[in-house]
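Two complexes come next, and they have one chain in common, chain A, joined by chain B in the first and chain C in the second.
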Partner chain A sequence: MNTTLCLALLFNGIVLGLIWSVIAIGFSLVLGVGQTINFAHGLLFTFGAYFFFSISRNTSFWIAVIAAPILVAIMSLFLEVVLVRRVYGQDPLFGLLITFGFAIAMEEVIRMVWGKAAYSVSTPIFARGQLILGNFVYSRFRILLALFALTILLLVLWFMSKTSFGAIVKAGMFNSEMISALGHNLPLLRTLVFVMGGLLAGLAGVIGAPLWSIKSGMGTDVLMPGFIIALIGGLGSIKGTIIGGLLVGITTSLAVLVIPRFTDIIPYVMLIAVLFYKPKGLYGEVTILGEVRE
Partner chain B sequence: MKTKNNILQDPYLYIFIIFLVYPFLPYIGKYRSVGTELLIWSIFALSFNLVLGYSGLPSFGHGAFFGVGTYAVALTLLHLTSKDVTISLILAAFFGGLFTFFYGFIIKKKRGIYFSLLTVAFSQILYVIGFRWDEVTGGETGITGLQRGGFLGIQINNPITYYYFVFVLFVITLLVIRKISNSPVGKVLLALKQDEKRAQYLGFNTERQVWFIFTISGIFAGLAGGLHGLLHLSAFSDTLHWTKSGDVVMATLLGGGLANFYGPIVGAIIFISAREILSSFWDNWLLLYGLAFVVIILFIPTGLLGIVERIREKKHFEQFNNNRNNIGSKNTQEIT
Partner chain C sequence: MLSLEKVNSWYGEAQVLRNVDLNVKEGEIVALFGRNGVGKTTTLRSIMGLTPPLGKGKIVFKDENILGLPPYKIANKGIGFVPEDRRIFPYLTVKRNLDTGKKSTHKSNSKTKWDYQKVFQLFPKLEILQDSLGKNLSGGEQQMLTIARTLMGNPELLLLDEPSEGLAPLIARDVINLVLELKKEYGLSILIIEQFSPRVLEYADRCYVMDMGKIVFCGCSEDLRKDVKLQKELLGV
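Entry: the complex of A and B
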């Protein structure tokens, strides 16, 4: 009984960690290359979930899977060009506040358009059923979602380490001014990275929609773990972010056994512990975020 | 003659007079709890501006220290003494300071984006504790039904006496914070804001100054939170949530805390009035709240008093130019 419970929690933790990693990578890319705290990242996630919900109800599941992230990416392009672009290089609080304000306003728009009630997405037919391993029973849909998240993460990892564009992005996270000194178009790079972050947030929204109830505040709930994982993993390291995400996800999930009511606190405590001993994060090599003195 | 002019030009005088006569003003004077709210938020915004405006540290978790003050008052009134609020308020300020003191120790070395993100994280820790620890904080339902009682034997139960009680504390806060920002410490903080490395090379221990000002700011934020708890006679965990920290940032930036000492007060007055009016008849007022951030950052990052300041500077400059042009040859020696 106890082992099956632990196993179920472990699986939940892995699923959670993978989704959080997808969110954290998008946040981390914008933080690194744009040097902006994108508090609208959670909003983009929410829009991903809502678009997925609406499109899948009106057309088909697969169209929604593809269309929702693309719509979110277009939205983030709009957000970058109209607002975020103007605060690059200014006080970090400005970027934080402009995205925060945008997120608050758009959350209200969501409430006006879709109403205050929460929605849920039903499991598609092909994914129904359970995975049974002796005593242990686990939803097949959750496993498929986790595999989807893992695929995205591996694709990002491959993209960042094997393509030349990925190399430029990585270099931009180390020193974005040097990028323009080397003749690359930094504003364009920042826009592309922001859109890439939006795409990842939209994909995370698609994965998150069936798992959690779809409501306007869902983005705020995942934004916090997202940025915590980005900092724990270390900026500039995709591998670190994935490991950090799994670490935080599994710990948070297993903490139910020890402190059932205070599990939400785990990511924050881990963040402060990690930053106290390793200010750059677990795998981070970047110190562009203000001065980090040891 | 010159000193008399200076007194009349001091905004402090006008703020003092406006708040002194507020309860007797026609039309708006009857909303005493709104007036009290304005005073409390002015205290909070002034304390926050020590960190944001003076030291240039982008904190986004100050709501937590406000919330700590509220809970300190609520819990002492529940468990310790319900007759007198003296101890409660002292404890509110004390705990506000204690939390910022410990937190300042962790955060004093961090700057920029890290500073912002860590302040958010810390306020979330307190939020989770407030939200989940049902036995002590009442969890989701919070603590309600408190009694205001008296302060050192003076009854502050009725709205108007409570208004003046908060008013006195506001005046004291204003004087203390002005004293601090004009003191050598305040000057070092201004130097830190402009160029921290240079301030360090000049021999100042900037980390200790940051720690100090963070703690002072926490003390007054805690006091403001305590007063807020006494105003509404309740404590709720959502005041601790990081999104609520946006309120004080909004008040400070809107008024022009980055440019002027009195900016936070102006901002608090405008923001709280707007919030009270809008939220009473429009459900979706948060739409405007969010857009206000965008507009402020894009168009008036130095806030309303920042605009005033800019106009004044321009005038000064023109006057200076005119004077220079008008000065005849006989006055030149006097100038040089």
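Entry: the complex of A and C
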């Protein structure tokens, strides 16, 4: 087997896994604290990519890196205040349907504003070039994007495991009623976590924009892997989500060598296998929608 | 300090509390007895706003009607709730469980300002276990953690829902002693639900008995101790 090809696929898998993890963590936080299956999470990712594309073309790369996720966070605040807030505490199906409907409507808006054509982001000058290790050559930009995703993940991990607010968020994923009885403003907590999820989706969009072609349906392509990784890693576990993302990303990428026609089903097979043996996921703390099954 | 006037609560169509009147004075331990399913836990949940009462009743805490407020606002007025099933956060360490009890907005009038040091003084075992996950604690340790977590919010009134339930007799005795200490040493007012026992009557200043969602007895512990008929009929003693 070609070692260079294997290494390239392994690196691709790591990059893919890290981006999927960023998406999955935002999705997982919103699902845990708000008990809402946010089907618009992929759409927020798409907006991150489009905002990044437009802003970087009209201003600078660095302004776009900062402004795009902030704009997506503001958009997610609007989504939470106007729509999602109304379905907290109700049948989770309402949340799923309302965000699904919003996502479909907003995809049309994307097509109206940016058109149907796909766009791509050019590599900035500082990131051009290759990493060369003997026969192995890999894009420097991809490595920088992977490091950016890893930094985001480590920051979220630190925030959730070291700060008091992180403890409240984690506790809220486990028992939101108790959090309220302890004196914490649950509606505000849910809003903040939803916005945090939006910010993470926007950041993932910034990282994904240079890797994939920017088109209105790109969010759908990452939503399912994100959802699957959140379940494989275990809701409530940031560490589990990162490990789950890397496992799925690397396995899917390397599977090209063995079963090239069936790589798309790899995440689903992994999900079934993991949940069969560990219903809470690899490092799961709560089952889906917070129901505790010790 | 706390007074319930004609409080009515429902679970869907079923009325659980019927015109409940109850009060707790400052520095008092008040016990609420009754068989299972008569509405004791719902009374505490109604005070906390977790099962919001309906109708024209009032729940007055420190001269303010708190009925209709969301639970977090009620907690921030100075009421601490220790639920029946403990509800610690099993995947957080002891110390981070305590963090969740801290409130940023509550301007407390409580006599003691609780912090890690004070909590660990009262519960030395929790200091030893501070880095252990909540799920790895024994039942008694979890109960201590639940009470400690609530104390971190500097409550003036503590609502305790069967704190010794499911604990070994020796540990249950420790919990009861702790309740007494919280009153005597730290000046807390306490409304406690417990299974009827002579030991509880010893430390409660006053007690209420509930049946079918109504208060059917209100008086000092001594009166209830003497009323064998009431104990037999309503408490199954």
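The rule we apply is simple: the second predicted complex is superposed on the first by the 286 of 294 C-alpha atoms of A that agree within 3 Å, B and C clash if a C-alpha of one lies under 4 Å from a C-alpha of the other, contacts with A are read in each partner's own complex, and residues count from 1 in each chain.
Criterion: a contact is a pair of C-beta atoms (placed from the backbone, for glycine too) under 8 Å apart; a residue touches a chain by one contact, two chains touch by 3 or more.
Since the model is a prediction, treat every value here as computed from it, not as a measurement.
When both complexes are overlaid on chain A, chain B and chain C end up sitting side by side without clashing. Judged by the number of chain A residues each one touches, B leads among chain B and chain C.
Looking at the shared chain after the overlay, A:236 reaches chain C, while chain B stays out of its contact range. Once the two complexes are overlaid on the shared chain, A:111 sits against chain B while remaining clear of chain C. When the two complexes are overlaid on their common chain A, residue A:164 makes contact with chain C while staying clear of chain B. Of the two partner chains placed by superposition, A:4 touches none, neither chain B nor chain C. By the touch criterion defined above, A:178 lies against chain C but remains apart from chain B after alignment on the C-alpha atoms of chain A. When the two structures are aligned on the shared chain, A:251 is found in touch with neither chain B nor chain C. Minimum Cα-Cα distance between chain B and chain C in the superposed model: 12 Å. In the superposition on chain A, no residue of chain A contacts both chain B and chain C. Interface residues of chain A, counted against chain B in their complex, comprise 31, 35, 37, 83, 86-87, 91-94, 96-98, 100-109, 111-112, 220, 224, 227-228, 231, 261-262, 264-265, 268-269, 271-272, 275-276, 289-293. Chain A contributes residues 164, 167-168, 170-171, 174-175, 177-187, 236, 285, 294 to its touches with chain C in the complex.
Interface residues of chain B, counted against chain A in their complex, comprise 52, 56, 58, 60, 106, 109-118, 120-122, 124-125, 128-129, 132-134, 196, 242-243, 246, 249, 253, 284, 286-294, 296-298, 301. By the touch rule above, chain C contacts chain A in their complex via residues 48, 50, 70-72, 75-76, 81, 83, 87, 89-92, 96-97, 99-103, 105-106, 135, 149-150, 153.
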